[in-house]
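One chain, chain A, appears in both complexes that follow, with chain B as partner in the first and chain C in the second.
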Partner chain A sequence: MKKYFGRKIVIYLLTFFLAVTIDWMIPRFMPGDPIRNMLTRVSVSSNPSAIQMMYDYYAHLFGLDLPTWQQYLNFWQALFKGDLGISTYLFPTPVKQVLLRAVPYDLLLLIPAILLAWYTGNKFGAFAARSKWLDNTISPVSYVLTATPYMWLGILLAWLFGIVLGIFPIAGAYAFSLRPAFSLKFILSALHHWFLPFISIFMVGFGGWSIGMRNMIIYELESDYSHYLTTLGAPKKLIRRYAFNNAVLPQITGLALQLGVVVAGALVTEVVFSYPGIGYLLLAAIQNQDYFLIQGCFLFIIIGVLLANFTLDVIYVLVDPRTRRGMTGETA
Partner chain B sequence: MKRALTVLSILAVFSLLLTACGTTPTAAPATTEAPATTQAPAKTEAPATTEAPSTPAPTEAPATPTEYPRNETIYVSGAAWGPASTWNPFQPGSLANTTGSIGFVYEFLFNYDPLTGKFIPWLAESGKWTDATTYEIVLRKGLTWSDGKPLTADDVKFTFELGQKYSALWFAPLWTNTGLKSVEAVDDTHLKFTLQDPLYQEWDNYLFNLPIVPKHLWEGRTEEEVTVGANEKPVGSGAYMYLTNAEDRNVWVRNDNWWGISVFGKPAPKYIVDIRTSSNNVALGMVIKGELDLSNNFLPGIATLADKGYVKTFYAKAPYMLSANTAVLFLNTTKKPMDDAAFRKALAFAIDVPSIVNVAYANLVKAASPSGLLPTLSKYEDQAVLAKLGYTFDTAKAKQILADAGYKDVNGDGFVEAPDGSKIELEVTCPSGWTDWMAAIDIIATSAQAAGINIKSAYPDYGAWNTALQGGTFDMTLNNWAQMSNTPWTLYNLLFRHPIQEQMQSGNFGRYANQEMFDLVDALAKVPTDDEAGMKAACSKIQELMLTDMPMIPLWYNGLWAQFSESSWTNWPSENNAVSLPTTWSGYWQMGGLQTLINLKPVTP
Partner chain C sequence: MSTQKKKNEFLYFGLRNKKLLVGSAIILFFLILSLVGPWLAQNDPFKFVNPLGAEAPSSKYWFGTTFFGQDVFSQFVNGLRATFVVGLIGGGLGTLLGILIGFTAGYRGGLVDEVLNALTNIVLVIPTLAVLLIVAAYLKVRSVWTECLFIGFTAWPWVARAIRAQTFSLRTRDFVDLARMSGMKATPIIFREIAPNMMSYLLLVFILQFGGAILTAATLDFIGLGPTNAISLGLMMQYAVLWGALQLGIWWWFIPPGLAITAIVGALYSMNVGLDEVFNPKLREM
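Our next item is the complex of A and B:
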């Protein structure tokens, strides 16, 4: 057990180091220059020498006038101090603050949507696999849901419920006439604005999970061990439980991976419903070559994915006896 | 069966949630309106009146309201594209992601009305050149900062001198380039500026673009705080004060103690909620629903909606919008065959501008005059020169010019080759995602092909486009960086920026090197702004050389995109009420944007 996790942790640390290095490198390979893009947005009538002075000043401010290897070392040094740098796109806001302000919106939106979709999707898929009637009615709907381009579904929802029926707002995290306060009205308004983005993510997720589960259950019910159990005369309920336990394994992996990238936000949702979050900012950061914001976002994605994988390793030991056996077999 | 029940119960919970949320909107307005009228005024007015004479408290006072009553609030969008990041008035342009720090909070010596071409004394009561190198300003009496302290000549002197101290400030060239030598505060309201060899045109531009900051709050700041500090909770002298901001909005509250109320009138909306929409579709939906009073987003197809009466625009018919800036096709004159004036001239005739206006923009823009000058500056156009040297879309004429200059199709592929026989393959670019420009350059490419010039369109991403633009590696590309202004010099400064450097960061991207032209532009810069005849003469020479040499091609005027709803506010500016500009863009508050707010009338008072 100790050896198993020891080895895993070394691998994770190595992966972290490599991933963060790549994270640092990739934005710098992009054509263009963040400071120049930033100064373009200043776009004031200045004479060329003034712009050069501004350029030098800002380049120095961001440490981009140093040799590349020095920048790389500084990056790690700052990282260990918890300093993610300053965003050029949202200058002069520190990246940490950008993330802290935007990511909560994503977490509150994505985590409930993903978890609920996973839970209900799996339950429903398993259920549909055993009912001809449901399988013939709801499963096609699931197929349509998961195959629908999300952008289109989102726009359709916003148009139908926001504009035609007018029962949901189409923009913002809470009414534009409100200031955040700990009042019932504010909370209701926030929920009201939250619902459409939430349900859109939930619907697509639900479709995907339920189809996956349905197919897995059918596969498991047709497998040798199920037939063997049937011939032994085991109760149907028991066989289904075995099938479910086996079928849920890949679903757990999928869930963990989805949760791992939650910090990346939900770009399309944020665009369609004009909902705040990090996805939109990350896109803007990439378009503006905001090295620091890109790095910061991806750092959390890396950490998220690694944590998710690690949690998976632990969970698999608990839920999959084969992993446990493999481990003891190894140590023995 | 048990599982079936759980699934059903979950579904039931969801449908409940859905209906619950469905019913809230009907319930919510009822609850919002009631306390809105009772609560907000009571809470805000009270401290404002009591605390006015006391210390910095008045800025704190408006922090209390938790909601903004509809009849006191204007909702706008189109200026912010990300969460607000800075309130530093010296961080201009779209960098701040907020509009209003400059113009609401911090004010200028003058405002400028592009529609009449007149300067409006603002903080200054008057300003004039007493001799060729001395400019004197008299400030209004009784100017105050929002913290109650008086605004005096010392604050103005302090602000101007910041540019002398810190070269990283955008207005530092005021000292190094425009010719400012010293600022003297004669007394509390009188200032004397001494200049050497002044660039009058540029000087006037600074008068309504340099925001004045309070000395008592800024003098203790470090260089970094002044130049790049975020300046949270800004204190200025203007009509509105900072209230709050969030990821998707910036909120401003009226300064009821504003010195200007007695001079210009009280701006009608008490609150301004500036909304960041993530896409133009959202802004469109919000205007139609009446949730947005003024949208300054570019919304394709607005013409149809305006015709059907869903939204209002400045002009009831095409072009619907005022013109804000000129879209110019920059040609890289360091590359063949763009180094040949005949080729450039042929291209000017080959481009199908009418289709760009009708198809790419669905009539939301106007074709540009060959001079490139905005309609608000059309008095500086020399009609005789335009009649002689101007261009219009004419494929046959383009072919003729090409043939006369020796361009002919040698290899029979349908496209001309250069006189030396080399193949011509060019690319016209604009940033990816700028859909109107993408459609426009497609038309440029196809119409040029029809004239036998092999041009293809390409859309690199913004960063790559910007690098190519400033580094001079493009063939031809669109640019529109000269906004509405008091002087034609602003446009010419973009078109003929000099000297030519390795990186051209703010103009003359095609690296058109012609000393004669540079001298003409410099001569214009030195013409006093009250010498209209002198300005016209200087502009006429520039136009003649520009249209003879055709180093770049002005194509159309981008609009001052504005669509508004009359459901909550009326008395918007329009062609019949052309008193100000319906815009919230940064840099336009002092060009009539604020006047629009002052003139508005609530539908339900």
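Our next item is the complex of A and C:
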């Protein structure tokens, strides 16, 4: 178990190091100049020497006038202090503050959607396996759902429920007339806006998990231990329970593997519904070439995915006794 | 003689597998449409042909026109062609890289395996789309081919991982030992002794990579980071959302591209499960 966690943690640290490096590197080699962009947007004055002075001031403020290696070291140093720089797009708000405002929306959208899709998908998939009737009704639906691009399902739901039927709003996280507050009115409005993006992320995930579980259960039901139990005369229900317990393990690993895809899906879903999470921010940051905000979005996504992976590792050890006994049930 | 018989058996079950047949038929339909369609479409996908703007499907404009008066049918079939190119090349590249890395890691073992496995795990954990976003944003001019490269170079890890595990279990078998003792080099052993045992699996992997590449490309295109010089199904959806097709009820603008992607990817998944049943006798439903 120590070895299992040791390996995992080394991989996560390496990933984090590499991700931070990529994160620092790519935006810096992106064409375009964020300070110049910012100055043209606020169109300070037409006097070139004044612009140059402003330019130098901001370049110094952001540390862009230092040698590259110094910038890299500073980046790490600042990172450990929790300083992610200042957004040029939402100047002068610190990036951390911009991101922390967006994170709750992401968590409230993603965590319920992912977990609920995983749970219900697995349940339905297990029912559908080797049951003619369910397999002919639920499985085709699941195929269609898992093949649907996230944004298209979002577009369809927004069009159908938002425009044609007009029962759900299709933009923002709460009504424009409200300010975030801990009141019933605000919570209801937020839920109302939350529902469509949630359901579109949920539905795509549901399809994938139920297909995966259906196939996995069939494998298990055809394995030697199931046949042995059948010949012993064990009740069908018991065999199915054993099959489910075995089939659920790869599904936990699968959840870890799917996280990146779900995050990407959430990103485009947020774009469709103008939902103010990190995906929506990242898009705005790219369009405005906001170095610090792009880096921040990145870091938050990567830290989130790494934390989720680690949580799943812990759960895996709790669920699969083989990993605890030092028999590597699943290789790192 | 025996391989001949086996092939016939696969053909026998293949022709009786509904999932495989339906999936193949859908793919074939869209493939033909993507080949013939651009030739049937009279208008350039970007050209403003209809001065009236958006117009519902008619005999003149089969799929209607966009908000700007562009021919949706022409955009659709040309985008379909790009979709197949990305799936084939991007998915193919992802499969190839995964196979090479998986075989090398699994067969060599030791330090090579440690390094390759660490690399695989790292790429597996990083949300690749986030990296793709940044890289794509960095390149000002992008073609369908660059998109294929991006997708291929980030989609391989799970393939490498699965193939590595299978190679591990195959490399200690007697026939591989025999080949090694007879002085065969590593590469011929991998491709002549180990790979044929996984052929069916490799085919399944390619199908899944094909579908995955299409979905990733659609996501990139939708965010506006796809090819800069060509139409694609994802780009059609982006324009439709940005120019208020939902509010204006121009459904013929955003339904066809998403429907095609869903149908193609769904058909691929269905083929995948169907083929699995054909190759694996245990999974056949009697």
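Methods note: the second predicted complex is superposed on the first by the 290 of 332 C-alpha atoms of A that agree within 3 Å, B and C clash if a C-alpha of one lies under 4 Å from a C-alpha of the other, contacts with A are read in each partner's own complex, and residues count from 1 in each chain.
Just so it is clear, a contact is a pair of C-beta atoms (placed from the backbone, for glycine too) under 8 Å apart; a residue touches a chain by one contact, two chains touch by 3 or more.
In this text, all values refer to a predicted model and were calculated from it rather than measured experimentally.
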Please indicate which partner A:11 is in contact with in the superposed arrangement: first for chain B, second for chain C, both, or neither. second
When the two structures are overlaid on chain A, which partner does A:162 contact: first (chain B), second (chain C), both, or neither? both
With the two structures laid over each other on chain A, which partner does A:66 touch: chain B (first), chain C (second), both, or neither? neither
Does the superposition put A:101 against chain B (first), chain C (second), both, or neither? first
Touched partner set for A:271, first chain B, second chain C, both or neither: both
Between chain B and chain C, whom does A:87 touch in the aligned arrangement: first, second, both, or neither? first
Taking the superposition on A as described, I'd like to know which of chain B and chain C A:171 touches: first, second, both or neither. first
So in the superposed three-chain picture, is A:146 touching just chain B, just chain C, both, or none of them (first/second/both/neither)? second
Looking at the overlay, does A:282 come into contact with chain B only (first), chain C only (second), both, or neither? second
For the overlaid complexes, name the partner, chain B or chain C, with more touching residues on chain A. B
Both chain B and chain C touch chain A at residues 30-31, 155, 158-159, 162-163, 170, 271-272
Residue positions on chain A within touch of chain C in the complex are 11-12, 14-15, 18-19, 22-23, 26-27, 29-31, 130, 143-144, 146-153, 155-156, 158-159, 162-164, 170, 211, 215, 218-219, 222, 257, 259-261, 263-265, 267-268, 271-272, 282-283, 286, 294, 297-298, 301-302, 305-306, 309, 331-332
Complex contact set, residues of chain A against chain B: 30-33, 36-55, 57-58, 61, 87, 89-93, 98, 101-102, 105, 120, 123-124, 126-127, 155, 158-159, 162-163, 166-173, 175-181, 183, 185-186, 188-189, 191-192, 195, 199, 270-277, 280-281, 284, 287-289
For chain C, which residues count as touching chain A in their complex? 118, 121-122, 124-131, 133-135, 137-138, 140, 158, 165, 211, 215-216, 218-219, 222-223, 225, 234, 237, 240-241, 246-247, 249, 251, 254-255, 257-259, 261-270, 273, 276, 282-283, 285
Can you check the complex and tell me which residues of chain B touch chain A? 3-4, 6-7, 10, 17-18, 21-22, 24-25, 28, 31-32, 36, 65-70, 73, 75, 81-83, 85-86, 91-95, 97, 167-168, 170-173, 176-177, 202, 205, 209, 224, 227-230, 244, 246-249, 251, 273, 275-279, 281-282, 285-286, 288-289, 291, 433, 460-464, 466-467, 470, 481, 490, 493-494, 497, 499, 501, 503-506
